[in-house]
Every structure is written in structure tokens, then in C-alpha cells.
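These are the structures, in C-alpha cells.
Two complexes, one shared chain (subunit A), two partners (subunit B, subunit C).
Right, the complex of A and B next:
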């Protein structure tokens, strides 16, 4: 018998599945499609902006008190969130995709420093003990703005805007999803030294479809890697940090990054006059791109690999078409197949279908906003004239995207009477009410922290 | 103040204005055109794209019907590449009046509009999504027209004939000279809204072709022109539902036209009288009405994905009998049936107002020479409107020069009619698959760069009108960022682009080889013109070089332009699409926290003032 059936294979569902499996539960994941992880930047954003704030949140732990009382983070508290993040970091490191504090890179030469192998064991956390807990870093967006990020994969760490070293942003001629000159100009507007360069893709490949996935696959090949290293070394000057689009391999990117760093530092040493002290090395980093996002795909693949090790099956292509409840328990759910509905029975169900973007919530022409699997009560406004604000970029966000499933402190969905609707149904991630993860830049934090908490709630009840 | 001298000054850069400039230049007049925003920014760029056969008006407005069929035939020769030869069906649904179809067919015959009745089963084979309950179908030479491309082609023809076209030049005043008996308009004060520079244009004659803004322009000459403005709302679906223009075979009403335009179908329209040409608000009932009526043409249309809603304002004009000048006309009820044909001519509803063109020779009408207003009409009749206006100008100027536009093709006609696959064909034959900036509308980097170099680009929305950037299902989700990047690259590295290899191609904005240089100053300045001041606030100055080198403003403004048109129709998948756009522009790009630009853009004022859309109770 399945202890926990998770509906949804985004970051929330997959991380909750790992958590529950490690707690000893028998877990399955079903989902209509792959999650939205493939679209995101691959960083772990905890809380970047508050609804009233123009300035980014410097320290999310200190900002929790300014969130609405029913916000998922307020239900959890800082300590629970931190525990979930620790668990995520361990999991990611074990999967070979270590995530580190984005704010850390100014306090040390950084994990990408060439003298250290990039895929070393996780002994680096000692460097960061002096970083205030909860402090966000600022990494670079593909238009050159700062992105308030808490944890980042190693490949993005050297992008920190808190670091004063000059930038060289390198793109590829003909790539439609990356504009190095634009990034460099916006960096300069923020007082950073930055210049840009474009490399001819024709030296890497004769193909002309330069999308991010295609380039990442290409750069998994050693021959292409060698040529890239050569071109980047030619373009860079000493002391510069080099930003490249996040296409440095779908699988082997940490090794390519290390090789690029080594090549750069070797060249630095050659250029340095004998006898003079070694110049500060330059390091490389990836800048996320428009969807599809290579860093997001790497994260998804790492979690899926961990789940395979934990013997958790993830089944995609399962659209829920029926639900049977008796009293306060979900008995079973059914998914569509070509012939007849397929029935799934479990002791507990975790709803991790996401918000409007993920497909967990849908709004119709009549103004009804519905939760798509269990038709749970939502907080969203049920009148279309109350859905959207006149300014797209309004800092307060659009109310229709802020509605969701209200839950209790154990993450059980609540009915209109304020009591849990079912005793064996749980919810986590972007489907939750009282948060706007995209506007807040809290999507991964919400996913990891609530997925972790919900999985533990289920485990405790077993 | 800079001064230029011309024979004919045209106000308005829509279909009519560019048509007038083309006609006047072809007749050898020195011609200048001013438009306050981008070309086609007004009603021309907001219409449904129907090249009328005239059949729609045969029983209601025979004059307009005759004008339409005549111009339909001419435009197929002069603007071939701006037209998709879809043909048109007039369909009789169970709701339509029984005797109308026979009267309709008889009237088409009488007015020499080719009209063939075909079996409903044949029509359904050609258009399988049509309402299967249709009883009769008439086939007529309606077609789909790209009004953006047509205006650009006309403008290009005007330039080649020597006209000077000045977009982003707003008329701020008209200079009147002479006393009682020989009053005349002799000059115009114009503000370059991009640079803030003022300009005086001395002209022998001013032609007011400002469309829905004709009344405001006439007021600057102290002449009263009471426009009857009919706002029409249109919706675009995410795919072509039919390949033929569909009309209901009944008296024209709301939501009874379905036009395939490029990759989408447009359902239209409403007709509601408004007082302000800039009143482009869209109410929920208008959306609902379009969808309900659309279901009668193509059942299920209301459940298809709607990409966008927009409104245009028809510049209708009904010259009142002198004694009725001051009668206040109440706005008609928006949902009235179209059977009010017999309404009193003194107080028609805008749906019933004539679509025939209106030429106001103010010398005869108001004793003011040097000033002509051309308004009313349809997009289909823009060339005829231009011809009438320039004929009147010749009469006022005392010259006889025959119109040549009906026999003169504009640049690009050699390409033949456009067709749905033209862009894909071009992309594939030139192996440009990897250079797509906008996948929805197949806009390549070269098209974007070419358009940006040849047209004044103050906003990305100007490029949208040129190349259909951001008009597809994602509504700018991916291409906004890319277009900003491409333009920024272009401006920071001008030499990287070889302007020689960009050619006029199907559906690309026609090559504007060079904006004609500014003419020499008009000699020594006389006394400054006593311009009638424009009561409306002037736009802040926008630095033209900065406008494109300020990528952050381009990005912000285009996102907002796109948002404006999707807010009324966001539900279901399109709502989800907008959430993806939020993910891209907020979470990934952090576009709402870019370093501030000090410069101004046409939307800067908008951001400073509180603003709300009708239909949304939020601010």
C-alpha cells in the first residue's frame, strides 16, 4: 500500500517525495506533465521582495514578520524553513549538484576559485559561518538586473553583484536568447565595471539552431568544450569574472566549469610578470536564460535521479479525472488512460500541482477560479473584475495569482468552516494561498519548505 | 522655430492621410504629412482587416456599397501584396430574416457586385467549422487586408513621389490669415513629440485626414466638424477558424464579421457611439457579445483561446441639415437591433450612419479657404477618399491635375497577394529558422533590424505595427526581451549590420529606404504665426537616440502595451500564459527592478498617473 501519493512533479512534489521516502514512507509521484522547474532559473529564491518594497529583501529571515500572518512562511517559522533548506542542500550535494549561499561569495574567494576543484566535498560550509543566516545574495539576470537569491548552484555563484570585480559578459553570435551588451550596459548603470563580447558559434558547431538546450547538449561533448575554453581564454582579460549563458552542458557542466576556470587561471599566471604576486584570479559563472532553462533541467534531473535511488516512481502523463472521498478521507483518485480510468489508492495524498502556471488552479471566463484536482475551496477572487491590476508590473501583484488553497499548520487544506477538509489530504507549493511566489521571488523557498513540512506531517501521522 | 514650406499639408498618418499624401505627391504637389504618433496608430491599425466587397451595405447604404466594390477592384491592383484573396461568404443562419437573402442577392446584382449562391454543403466542405445549420451561402469578393502593411506601402509610394512624412509630429495649432470674406488657413504649428522641437509648416492648403480626430483638428481652425464616433470592439482568436471572410447575411449588426488575418481570426465588431476618439475602453459586455455572436458563425468560438481584445473608433460623419446643427443626439443603446434602418436621418445611430465618405470643403461650407476635411468612409475606400480630397484641393488651388492613384501600384505589388504561409516559406527558403525573434508570428532578426532602421522606432509597439512583433499567442512573452536585445545591439554596433541586404519581402514592412531629409528652411521668417493653442497638454520630450538606447523603457512599455490588450480576455490558458510571462519578466529577468532610466517615453506619463481600466475595479 502506498503511504503517500504525490500529485505533481515540480520542485515541491519531487522534494517532498525525497523527504517522505527518506523518512521511511512508501511514496509514489504522479503528474500530468513535468513541473515548471524547467522554466525557472535553477536558483533557490527564498524571499526577494515584499509587496510594498522597491528594495530587495536583504535578509529573508528578518523579513518574515512583514509577510501576511497566513503566509506559508509564517505558518512554518524561520527554523523550519532553515531545516528544509539544509535538507535540500544535502540532497543536492549528494546528487552532484551542490547549492551554496549566494551571499557567500563576497566573503571568500568563492567556491569557484581555480585553486579549488569545483566538485570537492562539501567542506566549504565552514567558510560561510560568518554570513548572517537568511542573508540573500544578488546574482545577475539575463537583462543585467540583480536577482535576489538565497541558494545558487555553484555555476551561478561568481555572478554576485556584491563582489566588486569587473565583469566580462560573453554571448554567442546568433543566439536569440542572450544579449551580452545589454547585460553589460545595465551592470554599468548599477556602477559595476562590465564589458561584453560575442563569440562566433561557427567555431563550435555548423548547426544554426542556437537554442539553449541545443547548445547545452553540444557542450557536453569534449571537442566543443575544448574549443569553448580556447575562445573564452582569448577573450578574457586578467582579473575579470566571466559570465556566460547557462548552456555549459546539460550533464557535465561542473567539470566544464572547472576546466574553464583552470584554463583561465593558467593564462593569468602566464601573463603575470615573474616575481609579482599572483593577480586575483577570474572565475566563471552562468547567467540563467529564458525558458527552457538548463539550470532548471539540471535540478529536475538531479532530484529525479535521487528518487530513483530511493526507489520512488515518478509517473508523468497522469491526469486526474476522478476523486472518491468518503467522509473526511480521500479513498482513491483516478487518472485518464486510453481505455478506462486508472485507480490509485494511498493512505495519504499530497497536492503539489502548482498554481495557475503549473495547472493546479484554473480561472474561467465566468470568473470562477478552481483547484483542478479536488475542487478545494480557494481564496482567489471569484469575479474577473477583481483579478487583475491595470499595470502589468504593479509591485502588489495581481489578485488572481495570489489566491490558492488555505491550509492549517500541518498543511492540510481547509474548508470554508476553517477545519481541514480531509484527514489524509495535504497541500504544498505554489497551490497554497496567501503567497504570490513569482512576485515575491519565493517560489523555490515555498516549494522546498512547504514540501518538506507537508512530507514530515504525513510521516508523523504514520 | 524651424520653418518649412509646402503646397499641401496632410494631417493624419492613417490609411486616409497616407493615401492623400500619395495622391497629392503623384499629382506633383509638394506634400508634407504629419502624424502625432506612429503611422497607423489610430483607427487604421485597429480595424478588423476586411476588404469589403460592398455587399454588407447593399440594402442599407447603397452609396457606400458602390464605393466599396469599385475600390475593392482597384486596391487588388494597386495594393495586391497587402491583400489576402480569401473570398467572402455571406451565410444565412437560422436566426437571420427569411426575406433578406433574396433582397440581398437582388441588390448585389443591381449594384454590379458579383454574388454567387453556392450550396451550403459546398461552403461547409470549404469551411468545416462554420455553423452546420446555415441554410444559404453567397460567395462574394470580400478579402482580408493588412492595414499596417498597406499604410506603409502607401507611405513608401508617397515618399517615392516626393512627399515628406513626419510621424511623431503633433499638430498644435493652425494659423489663420485674412479677414472676413477671405479667411484662410496658411500655416500649421507642429510639435516633434520625440525631440520636443517646434516646427512651423507654411502650406497653401491643409487637408484634415485625421480620421476620428478630424473634429479636434477642425477646431484648431475654429471650424465645427461634429464627428459621430463609433467605437468597435474586436477579438483575435489564437488560430484561423476559417480561411474565408464570413459575414452574416442580414442587416449589419454587432459581432457578425469573422476575418482571417494572418495567423488569427478576428471577430467584430460592436458599434457604440463615443465622444472621445481616445476612448478605447473595452467593457465586459462587449467581449461577451462578440463571443455569443461569434458562436453563431463558428459554434464553439467562445471556447477558443482569445489572444487579445482591442477597440477602434470609426470616424463616421453625418452632415446635419443646418437647422439641426445644435440638436443633441443621445448615444444609441449598444444592444439595439440593426433594424433601425428607417431611423430619422437627422439622428442616426452610429451603426446606421452612412459609411460613405464625407468631403467637407470649408471654403464653401464655412468660408474658410485653404482647408479641407476628408472623413467618413471605410478602410476599403481610403484611396477614393484621398482622390476626392485632392480633387477638391485642385479646385481650391485653381489647377487641373488628374488623379493617378487608381493606375499606380505601390511598391511591393509584384509579390502578388499574400497568403498564410508566406512567412514560413520565406524563413524556410532562406534558412532563417535559428533567427526567429518572435516564433508566434515568424519575425526574424533581419526583419526586425530592417524595420527598426527604416522606421522611426520610439517604442517596440511601433515595430509591432511594422512586423507583427508580439501579436501571437504568447503576446510578447519571449520576443519582448529578444527585441530589446536586438535593438540594443543594433544601436550599440551599427556597423555590424549591412543595410544593403535587407529587401522588401512579403509582409515585411516595405523598405523605407531613407527618410527624406528635412527640407530647407522656408526662407526668412515672417511674424510668428498666431497659432490657435492646442488645449491638450503637450507630450514630454523624448530623446530619439535615447529612446532606443534605453532598453529598460522599451521593455517596460511594450510589456504594458501588450498587457492592456489582454486584460479584458484573460481566463483559461491565456491567463496561464500571462503567468508564464510574469515568471519570465519578474522571476528570471527581474525587469521591474531594472536601473531607472531618466529618459521619457510615450508611456511615462501613464506610469505617473493613477490609472484603471473600465471593467476592472482595481487600480
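Right, the complex of A and C next:
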């Protein structure tokens, strides 16, 4: 029998599934569709902005105390969050997609060694040598704005705004939704040296319809890689670091990145007068794009590969249409099929369906806001006029996005009476109350930390 | 839900249907584009998002027929009202539906758009023929040997390519020397009679080309103690639906509804081993033909099962005989790459064949995560689409090759077969991977000692 049935295949659901399976549970994942990982920038954002803050958070650990008391991070505490992040980093590294501290890239200059597997015997945060625990880095967004990030995939590290080197932002003629000139202009407005270049895609491919995924698949091929290296080398000047749209391959991007870096340091050596100090060679980075997001899909693919290894089945295309509870236990849930509903029975259920964007919460025309699977009590306003503030970009955000499922410290959803609704139901991720992950820039942090904690709560109860 | 007075034509032409209305749920997140196997390999298809929800807004609202409220003789749609021809390059694999997080019926929107084109511009002789698998089957079965000699002669394949546009190398089936019905008739005295009955929907492929799949199904069902009733039946209509001939498909579907009505009323389950036929009875025909409100259609839908979906229920109830023997005699494990076809995944019942095949002792099952084999029914047979189909299928062919890679010391054992639930996919799989392919029911029958997997015939009788 299934010990834990996870509903939702985003970062929360997949990471919780890995965690629970490694703790020895028999786990299955079902979801209506592919997870919102496909829209992620691929970075792990812990806490970028406080509910009323205008300035980005420099250190999330020091900022925790300023979050509302019921915020999921306050339920967890800094140590649990850090443990979850450690586990995530290990898992991602094992899957061949290493994540590093975004703030680390300038503190350890030079050829930022593609991460050595971190020695797990150390104190859990001992490897972050000189960097203050909890310190965010600043990477750049798809329009060239600063973006507070805690962990970044290797491919994005060299974008750090804490680094003074000039930028060359490269785009492709014919690629949609990526504007190198705009990015460079915005960087200059922030006082950075930045220029842009557009390279013709026709040199890489004869196809005329391009999106990020197609380009990434193309760049998994050696011939296209060679051409790209050649084109980038022609465009770049000495000492520049180069930002490219995040399309450098779906499967083999680390290899292409290494080759590009190699070519760039060779070029620097050639173009630098003898005697002058060598520039750091880790000088190439990816800028996340509009969806479909290649870095997000790499993360999704890595987690799924780990789950296959752990013998966890992920079944998508399954929408929950029925629930049976008796007393304080969920007996089964049912999903829609082409015909009669399909029944799923498990000892425990983890709700990881996401917020409004992910489909875990839905509002209707009459102003009711509902949790879509178990119809759990929500903290969201149930009157339409109270959903939103008058200003679209209000710094305080909008009440409807802060609403969600309130939980206890073990991540069991709470009823109106403040007691857990069911003994075998758990919740994690963006569906949770008292957080507004998109505005806080805490989506991945919430997903990883609460998914990890909920999976461990289930494992402890077994 | 039958109505006393049917809505008049004017009303019907503006009535929304569940397919058309689902486009409103599209948030343009591009997940479908990330997974579409067709737009990945060709520029001819602009991708699910553009072809379906985005274009559908500008078409007649989701309705495939042009009905002019003013008269009974509808004019052809005017310029600009006929969908763009690129939608015909959608293979209908439904991978987009599977991954869509908001439940848009993308593939069905495309099928409706194709029907609009066909209604306006007519249909090629090739597509008219490919849509009529039962007619082709019946004609060839008059003299199967002659038909095979004629159809498979290189010269006739060349002619078919030049005259009709049926790809020269596309995997076409061979007529069997005995139809499934004739086998049933001939072995009538040996068939099990029982109080417990199931109805079997064989489909055109089992009837004319692969009667042994039906034999294996009958033998397994009888082994469970069920009498198998095979009433007269029509093609499910799927080939017509996917070639845009909706009115002919409706004739077939209504005939099936009538032919199965008594059995459905009596509560017999309707089982099928052809996963695309059962999907059509369950969902495709009701949705595409606007028959969701038709009582008979609903009843048939509720009673139709994929055979492994039904067997899994028996297993869950502890009713599946446990006398399963290993398929291999020697020491070498029997490695079986299994591909759950798109049409099976569209049932949204998980992968029941995978769960049951796992019960066969000594079977080393390898689950394919490839999206599609590329054939998509009749799609990959067409000259202009053959290469697209092969390029789409490369992911699956590579997976099979990797399982059989003897240079890898980790590979212990040999791969003699692949398994797949859909006939056209098996033909494509054999064509692309060069290995014989079997329906999972054949493997189960062989494991029960009822069936010769190599010769594809029942044991102990003929």
C-alpha cells in the first residue's frame, strides 16, 4: 500500500517525494498537469522582499523575525530551512545539476570551480566559507533588473550584480521574448558597464520558428555548440562577462558552459597584453527567459530522474474529482478519467497543488475562494471586493494572494477550530497561508523547506 | 440527458461545448509547447498553444459544422473563417492535454479545427480511405494472401506513394488469413460458457490484422472464469475523427451505441485491448461529436474499460489467478521495454499494464518515458508526415536501443520484444526499433501458459 500519495508535481511535490522516499516510504505522485517548475527561473529564492519592504532582503536568516508569526518560515525556523536546503543541494548535485550560493560567486573569485561535491561530514553550513549564512546574492532578471537569489544553478552564477565586471548581453535575431538591448540599458541605468549584441540564429539552424526549448535542444548537439562558441567568441571583448538567454541545452548545458568559459579565457589570454593580470575565467552566464523556462525544466527533469531511481511513479493528467473522508481520516481520493473516476488509496496524503497560479486555489465570480482538492478552510477573503487593493503594483501585495491553507507546525491543515482537520493529510508549498511566495520571492524556498518538513512529519508518524 | 424537443439548428450552432469552452482556461504558460513532440521536430506545426487555444478564439466557437440558421443548406465558410492548414500537422497524440496544468482540451480543439477544414474544402481520397479501417480490413480479408501480395509489393508501395501520398516505407499491417470473428466461430465449441460475462470490443486491427491479440484477450478472460461475448460491432470511428470526417464517425458511433445498448443495460463491462478504440468510446466520440448529452453514449462511456484497467480491478479484488510463469526458460532475465502509448495515457488511468506485467516472475520491465512513437494512428503513414513521425519516435527507438545495448556490462539478459498497448504504435515501434512488439495481453496470456508469444497463437488449440 502507498504510504504517501502526493498531489502536485511542482517543486514542492517532487522534492517532498524524494525526501519521503529516501526516508523509506512508499510514495506516489499524481498531478493534473506538469508542475509550475516549467515557469521557474531555475534559481532557489529564499526570501527576496518582506511584506512591507521596498528594499530587497540582504540576508534572509536575519529577516525571518520580521515575517508574520504564522508565516511558514516562522513555523520552521532557520535551522530547519537550512537543513532542507542542504538536502536539496545534495540531491541536485547528485542529479548533475549543482546549485551554489548566489552570493558566493564574488567571495570566491577566479575560476569558480564547478562545484566539488560538498563534504557532508562538515557542519551543515560550514562549506559556505566566508559568506554569511543567509546572505542573498543579486542576479539579473529577464529585463536586467536586480533579483535577490539565495541558491543558483552554476549557469547563472556569473550574473552577480555584486561583481564589477562589464556585461555583454547577447541575444539572437529571430528569438522571441528576449531583448538584449533592453537588458543592457537597464543595467547601465543601475550604473553598470553593459552593451548588447544580437547574433543571427540562421548560423545555428535553418529552422525559422524558435522557442527556448527548441533552441536548448538544438544546443545539445555538438555541431551547434561549436558554432555558438565561434559566434560568441567573435562578439566578445576582453574582460567582459557574457549573458546569454537560458537556452544552452536541456541535457548537456554544463558541458557547453564549460566549453564557452574555456573559449572565453583563451580569448582573454590572447587579447590581454602580456604581463597584465588574468581576468577570472568564469565569465559566462544564462539569463532566465519567459516560459517555457529551460532552467526550470532542467530542475524538473533532475528531480524526476531521481524519483525514477527511487522507484517513485509520477503520473500526470490526473485531476482530483472526489474525496472520501471518515471522521478525521481521508479514506481515498478519486481522479477524473475518460470514463468512471479512478480511486487512489494511501495511508497519508500531501497536498502540494500550489496557489492560484498552480491551480491549488481558485476564486469564482461570486468572490468565493476555494482550495480545489479537499475544500479545506482558507484564510483568503471570501468577498470579491476584498481580494485586491486598488493599485495593481501595491507594495503590500493583494490579500487574495496571501490567503491559503493554515497549518500546524507538523504541516497538517487546520480547521476553523484551530485543530488539524484530518490526521493523515498534510500540506506544503504555495498552497499555504500567510505567505505570498511570488511577491516575497520565496517560492522555491517555501517549496523546498515546507515540502521537506511535511515529508519528514509523515515519515515520523509511520 | 434526452430532450423532448431538440434545440433548433440556430441554437445548436452557438451552443458551447466542453472542448471549445476549455480554451478559456488557457493561461498561455507554454507548457504544452515545451512538450509537443511534433513542433519540436518540424516548422510545419506551430505548436499546440498557437494552433489550438490562441487560434480557436478567432474561429467559429468550437463547432465543427457550419450551420446557417437561415437555411438548411449551409454555405461553405468564407475566406478567413477556415482554420489555417497548419493545424492538420497536429498528430493528435494528446501529450499537450496530458501536461496542461489548467485542463485545456488542446488536441480536441485541433481535431475540431481539422473537421472545419474538411467541411469547407473536402477530403483527399487518401484520407477518406485511411479513415475507413473497417472497409479496408473487410476488402482485404476476402483474399488476405492476395491483398498482402498486392499491398506490400514494392511497386504498389511506390504507386501508392506517388498516387495517394501513402509513405513508401510507412509500417502498414498485413491481413491475417483468418479474421477474429471467424476464429471465434470456428472455436465456438471450446469457448467458455459462464454466468459471469464480459463484452469484448475488438476493433478493426484485431478483427482483420491481429486476431491473435483478441485470442490472447479471450484466453486470459476465460482463464479468470468469464465468458466473452463478442456482439456484432462497428469501427469506433477514430480514424475518421482524426481525419476530420465527423459525420461519418457519428454514424459509426451511433451504430455502436445501439449495438451495445442491451449489454450496457444489463451491466456487462465492455472491454477492449485496443486502447485507442476504448478511448474513442469513452471520450473522443462523445466530446468531438457533441454527444456528451446523449444517454446511450453516456452509458457506453461509463461501461467501457481498457482491458488492463479492468484486470487491475480484478487484481485489487484478489480475483486474478496467480499461476503466472516466467516467460524465459534459461537463466537470462527477460528484459521488456514497455511503452504506454499516448492514447492509453489519454485515458488517465495510470499504466495498468505496467502494474500487472510486474506480477510476471523474472520479467525485467523497463518503462519508457518517451512522449510518442510518432505514428499517431494514420498520421505517420502519410508521405508528408512520415519523416515527422519517425523523428518524433526517435526518442522511443533510442530508449529501446539503450535497453538492448549489449556493450553495456550492466545489461544482463536479452531484449527479444517490446510491449505496447496500441496496434499502430506497435507497428511503428517494430519499424523504428527493429524488434517484434507485443500487446501486454499477449505477454500475460503467455505467462498463464495459454499462448505462444513467438508464433502469436493460442497453445493447445488452433
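Just so it is clear, the second predicted complex is superposed on the first by the 433 of 462 C-alpha atoms of A that agree within 3 Å, B and C clash if a C-alpha of one lies under 4 Å from a C-alpha of the other, contacts with A are read in each partner's own complex, and residues count from 1 in each chain.
Assume a residue touches a chain if its C-beta (ideal position, glycine included) is under 8 Å from a C-beta of that chain, and two chains touch if they have at least 3 such contacts.
In this text, all values refer to a predicted model and were calculated from it rather than measured experimentally.
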{"item": "First (subunit B), second (subunit C), both or neither touched by A:192", "value": "neither"}
{"item": "Touching partner for A:135 - first (subunit B), second (subunit C), both, neither", "value": "neither"}
{"item": "Touching partner for A:209 - first (subunit B), second (subunit C), both, neither", "value": "both"}
{"item": "Per-residue contact with subunit A, leading partner among subunit C and subunit B", "value": "B"}
{"item": "Which of subunit B and subunit C A:41 touches, first, second, both or neither", "value": "first"}
{"item": "Which superposed partner A:291 touches (first subunit B, second subunit C, both, neither)", "value": "both"}
{"item": "Subunit B versus subunit C as contact partner of A:456, first or second or both or neither", "value": "neither"}
{"item": "Which of subunit B and subunit C A:33 touches, first, second, both or neither", "value": "second"}
{"item": "Which superposed partner A:412 touches (first subunit B, second subunit C, both, neither)", "value": "neither"}
{"item": "Which of subunit B and subunit C A:318 touches, first, second, both or neither", "value": "second"}
{"item": "Subunit B and subunit C footprints on subunit A, overlapping residues", "value": "36, 39, 208-209, 211, 290-291, 359"}
{"item": "Subunit C partner contacts - residues on subunit A that touch it in the complex", "value": "32-36, 38-39, 207-209, 211, 213-214, 217, 290-292, 297, 308, 313, 315-319, 335-340, 342, 358-359"}
{"item": "Complex contact set, residues of subunit B against subunit A", "value": "284, 291, 302, 431, 433-437, 445, 478, 481-482, 484-486, 488-489, 492-493, 551-552, 555-556, 559-560, 562-563, 567, 570-572, 575-576, 579-580, 582-595, 607, 611-613, 615-619"}
{"item": "Of subunit C, residues touching subunit A in the complex", "value": "29-31, 33-35, 39-40, 43, 46-47, 97-103, 279, 282-283, 301-305, 345-351, 369"}
{"item": "Partner subunit B, residues of subunit A touching it in the complex", "value": "36, 39-41, 45, 49, 54, 56, 141-147, 174, 176-179, 181-182, 185-186, 189-190, 208-211, 288-291, 293, 355-357, 359, 362-365, 367, 384-393, 395, 399-401, 438-439, 441, 443"}
